[in-house]
Amino acid sequence: MPDESNDRLTPSRLEAFSDGVIAVIITIMVLELRVPSPAEMSTADAIRLDLKMIAVYLLSFIQTGIYWVNHHYLLDDVERVSHSLLWSNLALLFCMSLIPFGTLWIANRGVAPAPVAVYAVCFVAPAIAWMALSTVICSQTGIRPANGPVIQTVSAVLNVGAIFVALRSPWTALAMIGFVAFLWLLPPRRIVELTHTGHSHPPTR
Amino acid sequence: MPDESNDRLTPSRLEAFSDGVIAVIITIMVLELRVPSPAEMSTADAIRLDLKMIAVYLLSFIQTGIYWVNHHYLLDDVERVSHSLLWSNLALLFCMSLIPFGTLWIANRGVAPAPVAVYAVCFVAPAIAWMALSTVICSQTGIRPANGPVIQTVSAVLNVGAIFVALRSPWTALAMIGFVAFLWLLPPRRIVELTHTGHSHPPTR
Amino acid sequence: MPDESNDRLTPSRLEAFSDGVIAVIITIMVLELRVPSPAEMSTADAIRLDLKMIAVYLLSFIQTGIYWVNHHYLLDDVERVSHSLLWSNLALLFCMSLIPFGTLWIANRGVAPAPVAVYAVCFVAPAIAWMALSTVICSQTGIRPANGPVIQTVSAVLNVGAIFVALRSPWTALAMIGFVAFLWLLPPRRIVELTHTGHSHPPTR
Amino acid sequence: MPDESNDRLTPSRLEAFSDGVIAVIITIMVLELRVPSPAEMSTADAIRLDLKMIAVYLLSFIQTGIYWVNHHYLLDDVERVSHSLLWSNLALLFCMSLIPFGTLWIANRGVAPAPVAVYAVCFVAPAIAWMALSTVICSQTGIRPANGPVIQTVSAVLNVGAIFVALRSPWTALAMIGFVAFLWLLPPRRIVELTHTGHSHPPTR
């Protein structure tokens, strides 16, 4: 039994490391914004391009922030770091590190079908890793989040849908991803009303 | 009531994550200094250009440092991380991450009207986010910083003014932003005298 | 005797700093993926190139993750940070920071003989530093990991072998490095069976 | 009196933030090594160039590591973070962040007189900031490091000398900076013998 678990790597240490990785992920994206600096571009064009990029960066930032917030709630009931928990957590961090990568695609190639589709894929990947991680944690702790699945399903449908919508209308796809972010930004109580879930456990949603 | 707050995300954890993000922000700016390396530029010119850039980097570094110091004081009275506190804090971190972005504009295009105006905007953004965050915290804790508003108003006027001054005289605008940094660098007591505020609460200013 | 040890730098502080460095190492690699963005490349080619790069990045990520996990177990029995422990730990961090460097070689020059050989060297370096660090710790604590040497020897042979195999068949070399990662990803118990070691100390392996 | 100090920003928090900044500084340097990737350069030349760069990176890494180690010892006796301590610490972090900048100069322009002189300047800056910080701390705590000044003086002379030597012989200058690193890497006891200081306080040196 002790062979199956890694008793000495405490949950708080796992959280501290995850926080460090997420802090880097959420910040290095700003380095990607350095693209529109060719000397031949006029200042007005450079500013217009940058505002577009800052909007995309803001979207990536909020999505990463949502993961950070919920990651804490998810790990809160964990008392013991098992081998599968450890690696599903690292899988989540890996998938989250694709978010700056997707942001770069748009920075390099603009708000066009292919880059936005790649960008949407970069949000689906951490969502899948998140489901894997929460399944591992639920099976360990026996605690299941109350209204989490509802929001998660809506988010998943919108994110996956954005991949295909992007091929026709990249701006609509960005709006869909933005709407997912907006859903999670609402104060917990309002979410509860929207999803008609009675006994909610707001922080875990 | 507990639905409105996120009881389990403690203030100290919020601070640790914010510190991580700020540590990355304050350090990655040095990566932006890599611009003046074309092989055809003479060494003397490269050094002259670099000294200018290091001065701008120093300004960005000090401003970020000021936010870091005051962020701790601001969060010090917080006992409970509410949904609005959480997201106004992330909004501040987002706006602070624009500081390296503004620094890059100057690195790429020199100390000219448009880049310095963009740079000044990148200081106004976190100042607004700061006011939002401190309003949220004041309404929660009921504690209001004594002389904070005075310095903050002076800083806000100078920072916003720098945007417009930059369009005519970029160096004057930089000097204005530098003067804001200087104001905050003064030891608390001297600030108190300058602003004629009686019962000050220096660290929170 | 107290002259030989640095009593005041505690093991937990050493671990926190190492975690910070590893968090940066594991995340900045994603910045290296920014290479395939020439405007003249078709989207399909860019995606194909990126999938290849993401596979290499995943490999680097897992290897770094393995070091992170095992680093905690290794330092767990340490009670006192000696001068040699301190610097062999920094040597490990230095060698681990070569992993992003090797990943960049492949990002710049593709999956070809020389880049993959360089990449393999970048995994041999931290493996040697790891052996030095664990030797220092064993001589201090007197605790020796049970099945660690077996897995470590297999990994070392495969990693060193990959350098030479890469010169003929770079993909085979990558597969060898990937197999090392797979070995460490197996849950502890299964490793124990594979290596036929009776009394295992799984987390330290 | 309380107006002069920032009672609520604890030394341990100051150390944690400094560690975060140093962790980023020591790691991002590896990103600077990405220079020698022009497709037209032969693999053998690229490897030769990279080995040179890794040697320089190693030097920068060790110097940064030395600062990290000694920073902990320096802050260890501090009980209260005053305004001047806070900002002299941030000044040290700023100067340390010039080390990656100096490393970049060599990466971009090779081991030539001017780049190595710039590189040496980037080591003199944090040495000066270090003296300022330790003066502030000594005047606060009344504790003065025993043999610190001896090593520090030798290091300062060698580092400042390297600036001028670099203009004639860049490799000799690098050797001088390397010798400084070697001096600090020696186990404390041996340093004590070398500098003939009786009652040493090794960790603080």
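In this document, chain identifiers A, B, C and D correspond to the written order of the chains, with residue numbering beginning at 1 in each.
Note that a residue touches a chain if its C-beta (ideal position, glycine included) is under 8 Å from a C-beta of that chain, and two chains touch if they have at least 3 such contacts.
Every value quoted in this text rests on a predicted model; they were computed, and no experiment measured them.
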| item | value |
| --- | --- |
| For chain A placed onto chain D, the superposition rotation in degrees, Cα atoms, nearest 5 | 180 |
| Proportion of interface numbers common to chain C and chain D (over half same, under half different) | different |
| Far-end chain from chain C, centres as C-alpha averages | B |
| Chain B-chain C separation of Cα centroids, rounded to whole Å | 37 |
| Interchain centroid distance [CA atoms averaged], chain B/chain D, Å | 26 |
| Residue numbers of chain D (touch at least two other chains) | 16, 20, 23-24, 28, 31 |
| Residue ranges of chain C touching chain D (in the complex, touch as defined) | 3-4, 6-9, 13, 16-17, 20-21, 23-25, 28, 31-32, 83-84, 86-87, 90, 93-94, 97-98, 100-101, 104, 108-109, 114, 118 |
| Footprint of chain B on chain A - complex, ascending | 15-16, 19-20, 22-24, 26-28, 30-31, 33-34, 37, 39, 43, 47, 50, 54, 58, 61-62, 65, 68-69, 72-73, 76, 185, 187-189, 192, 200, 202-203 |
